[in-house]
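Labels A, B and C are assigned to the chains in the order they are written; within every chain, residues are numbered from 1.
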Amino acid sequence: MKVSMNKALSIIVSVVMLLTIVIGCSNNNEAGEKTTAPSNNAASSAPASEETNVYPDNGLSAKVEVKLKLGFWENGYGREWIDNAISKFTEKYPNVKFDVTYSPKIMDLISTKIAAKNDDDMFDIISPAFNSKAEKVQVIQAGLFEEVTDLWDRVLPDSNGRTFRELVPKGTFEFAEQYNGKFYEIPMGGSTVGLFYDKALFEKNGWNENPKTWEEFLQLMADIKSKGIIPITYPGVYPSYLSFAFGIKQFEIAEKNGNLEEFTKRFRKSELPIYTSVENKEIWTRIYEMGKLGYFPPGVAALNHTQSQMQLLQHKAALGATGDWVQNEMKDSIPDGFKWGYMAIPFSSTPGDTIWIENYIGAGGIMIWKNKSDLIKNWAKEFIVFLLSNDIQAYNNKSAGIYPIRKDFLDNPDNIKEMQDAPKAIMEFSKNNNIQLGLTSKEVIIEGPIAAQADKLATEMINDAASGKKDPLPVLEEAEKLIERAVKETAKK
Amino acid sequence: MASSETTRTTHKGSLMKKSDMQKRLFVLIAVWPCFIGYLLFNLYPNIVSVYYSLIDWNGISEAKFVGLSNFVSMFQDVFVWRALYHNLILILTIPVLTVYISLILAYLLINKGYLEVKLYRILFFIPNILAVIVITLLWSFIYDGSYGILNGLLKIIGIDMKEYYWLGDRSTALWALLPPLIWSGVGLYVVIFMNAMKSIPPSLYEAAVLEGASHTTRLFKITIPLLSPIIRVGVLFISLGVFKGFEFMLILTNGGPSGSTDVIGLYMFSMAFGSTSHNYGYASAIGMFLFVILIAVKLITDRIGSKESLEY
Amino acid sequence: MKVNERTIGDLLWRIILLLWALTIIVPLLWVLYESLKTNQEFFADVWALPRKWAWVNYKKAWVSYELGSTMLNTLYYVGASLVLGTFLTTINAYALVRLQFKGRQLIWSMIMLSLFLPGINALIPQYVLMRDLHMLNSLTGLILLDSLGESVFFLMLLGGFMQSLPKELEESAFMDGASLFQTFMRIIVPLSTPGIVTVAIFKFLGLYNNFLGPFIYLSDAKKHTIGVKMYHANQIMQYKSDLVTLFAGVTIAMLPTLILYIVFQKKIAEGATLGAVKG
């Protein structure tokens, strides 16, 4: 006993010693950093400047140095566009500095920092990138991000006195991502998903580039297949890519069945049934049907991005389920003569019926962490507004292929000349069809390990159904049972 | 041995008294920084994780204490058992194959005087230097249905697999992961076993050679028994790695097709950081379960090892 | 013993060795020539050789992955962790293997516990701890995290090596009046060089390729090390199809390791042991 007491004592003493050393070291280090870069807090408590030193356009002081910590999601659009926006912004407002952390996995940093619950350590502004839709809903419900609804009513400097809301195409405001009528990011561009293909390949084979009905679409699939080419490819290692082509179709089915309103509410609020809803079952029945006919790649479950892209570029596959970023993301590897085309799948049998297109309105948006000083938040909002100016919109469209959000930009034919092929193809498709933009976002998420199991079950089924190996309906029933259980468990707590 | 024991006892008294204080100081410097670092940076977070396993927490909301509820759902979770079944298959194959392949390669490199052996001694370790990115990218193209080397080679010997994706089919995916996992682990053990083999006195082989024992007999009857303590440690490390590792699965198959390559480490990871909401509590409960399993693995390898063990 | 019997068996063994060697040489060559293709060539045929050697990929990789400043960070992080960590591991292994002191058994068994810690579940608590210790976003903090701590593998490796040294060496040093520290520095360290070098190389491999720690704990990209950069370069391929630059980057990143390994491979061949350390 005596021995172990000694031991325990010496452990404690040493822990304390070590802690002192460690903290000592890191404090030194921190002090060293402070001299080079004043922290945000220091900046915000700096004495207010004279009245004359404010920017006339926004009333913010030009003297107070501000540094915005941005957690940037480096994705298919690249990072050039944000670098450009930042350099233009800091040119105009030299007292504002940015500290950008770029990462294709920024969501991991963001969620770690959220879990660690420390406002100083958190980024000031972030790309709205999360590991799951569920996580985004949770952070917003928890009130961690600043509401920015008021920015819709801001008069933009280059808009002849019109507000942003007046400047966007019809339906944009209604369909932009919102939670109970509140906005936490302002759309800076749209990103449209669906099926992308090489126009040259279609022209050569005389394939139908704009099937108007489900039957015509199936005929197209058969035509492609008869040439020994895989009709649709996607990276099956990440099976949810298939939903870029099919996810929004639930709304199309609901509309056709005359219960769009009820379905939309049920979908957004995650009301049961989720997996076995008429709409969802219909989609999976059709995918399974296509799977049995061999319209997706053999062994699709093993395809990573590179392999799937390769099939598309080598014309081993005709269409790819992806988004309009595809052109930018593959700009280095596209062979000569390849020209991007776009189509969305029609689910109706009547030509001229609405074709739904999923559009993540809000591409490149920015979210602001709530527990930050007003100074930071105000400048962050200025930056968001700045991203909406036509100069920036033009640059983003040209260099990154981000679909412009402003009507007055799109209406000017000179602007569209510079547009990349993929977004242009989407514009064309929208013109030639009766389309409806939509978003598969949710406002309520059923969470917890059991809900996660239901999700896993349904996700694992995707490749099986698309390979025609397994009837998806029994799996959906099983997943539904799990989600029912998850709802009950949540209610109990 | 006996003589050194006596020397030590005779000098012990004076030596130890003089250096008692000094020894304490030495131990303080030598042992405690690392040990406290370990307690602080490794053990303490894991102890916090024990607490996590008792809460319901998505990293955003306030944590809710739920008692053993995470464990109850875990034991009812078919995905946990399926993942463990896959781990079981891997642990019955990978350690044995890795060790045997390493032993044979090491034996050849040490005991055969081929010209090329010198180069191989350097070369065989190199898979340990290659980044996982490169290894996984390479293997995904080896197994690719349209471009893959494997199907190409099989075609040469008359087996036409058509567009078969080895990692895309439930019946082959898990087995197809064995070669990259073993291949990337062999190099280290070749080096370790070669080194151990060098220290076996040649006299031990001489009798066997006189009796006309073949290389195979020598390897299995003399070398392997003599190396058994090292082999046992090797098997332990590889086995623990099999249960903890999931990097290859994450990149090559992401657990698919339809969960056929999902392993417990990957499942824990996806529960904490995956594409559904974070379930830190649940992931920690799986972590606790894994801790128990790892200890069981250690006890089992001890048991199996000690039967074959031979001191030298 | 090394009689070169030229039998069929030998032929077979040589073929097996050659095949194994090929599984290593071919990937290396593959990476090398992929890094010299254009992306269009890569996507047209993954196995074909480049038509013209595109050395520009290396320049692009160097610039776009910011390898210059990254290498400096890496040098500081890996260098300091290596010096501090290897010293601590060596002295630690010596004390644990060759000295008798109170609590040794307890410490050793607690260290053994680390083998069974599952890992990823402790990430969030570790992050919170690092933040509370003000060690976030600091390479020095990361160095402390990676240098202090225990690794059963390294202790066994080095401990196994030290156990093979005769006890008499230390005892005669003691009798000559050397202190423990002097004995350690003058007798144990020189004799254990192969073991120490081996541990250092393995540590180097781990630190150099480590991405999770530097990624999570260093939010300032200017402090990123080569491991994070390559992790990002790989992850970004989800959104980009610039694989040849990735291959060039990977090749550059591999070079220091390869050179170090080849320089020190003789020492590793002597030093790599796994002693069964008895508690």
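Convention: a contact is a pair of C-beta atoms (placed from the backbone, for glycine too) under 8 Å apart; a residue touches a chain by one contact, two chains touch by 3 or more.
Not measured: the values here are computed from a predicted model.
Counting only chains that touch, the fewest steps needed to get from chain A to chain B is 1. Across A-C and B-C, it is B-C that has more C-beta pairs touching. Averaged C-alpha coordinates put the centre of chain A at 37 Å from the centre of chain C.
Taking the mean of the C-alpha atoms as each chain's centre, chain B and chain C sit 16 Å apart. Touching of two or more other chains is recorded for residues 18-19, 108, 115, 306, 310 of chain A. For chain B, residues that reach two or more other chains under the stated contact definition are 33, 36-37, 39-40, 59, 141, 147, 273, 280.
The set of chain C residues touching two or more other chains comprises 46, 123-124, 128, 144, 148, 231.
By the touch rule above, chain C contacts chain A in their complex via residues 39-40, 42-44, 46, 102-103, 106, 123-124, 127-128, 131, 133-136, 138, 140-141, 144, 148, 215-216, 219-221, 231-232, 235-243. Against chain A, the residues of chain B that register as touching in their complex are 28, 32-33, 36-37, 39-40, 56, 58-61, 64, 66, 70, 73-74, 77-79, 137, 140-141, 143-147, 163-169, 173, 252-259, 270-271, 273-280, 282. Residues 11, 14-15, 18-19, 108, 111, 114-115, 131-132, 134-135, 138-139, 142, 144, 236-240, 298-304, 306-307, 310-311, 316, 445, 447-453, 455-456, 459-461, 463-464, 470, 493 of chain A touch chain B in their complex. Only residues 1-2, 4, 9-10, 13-14, 16-18, 20-21, 23-25, 27-28, 30-31, 45-47, 88-89, 91-92, 94-96, 99, 101, 107, 110-111, 113-126, 128-129, 144-145, 147-150, 153, 156, 164, 167-168, 171, 174-175, 179-181, 184, 205, 209, 230-231, 234, 246, 250, 253-254, 257-258, 261-262, 265, 268-276 of chain C touch chain B when the two sit together in their complex. Interface residues of chain B facing chain C in the complex, by the touch rule stated above, are 4, 7-8, 11, 15, 19, 22-24, 26-27, 29-31, 33-46, 48-49, 52, 59, 105, 108-109, 111-114, 116-117, 119-135, 138, 141, 147, 149, 183, 188, 191-192, 194-196, 199, 202, 205-206, 209, 215, 229-230, 232-234, 236-237, 240, 244, 265, 268-269, 272-273, 280, 283-284, 286-288, 290-291, 294-295, 298.
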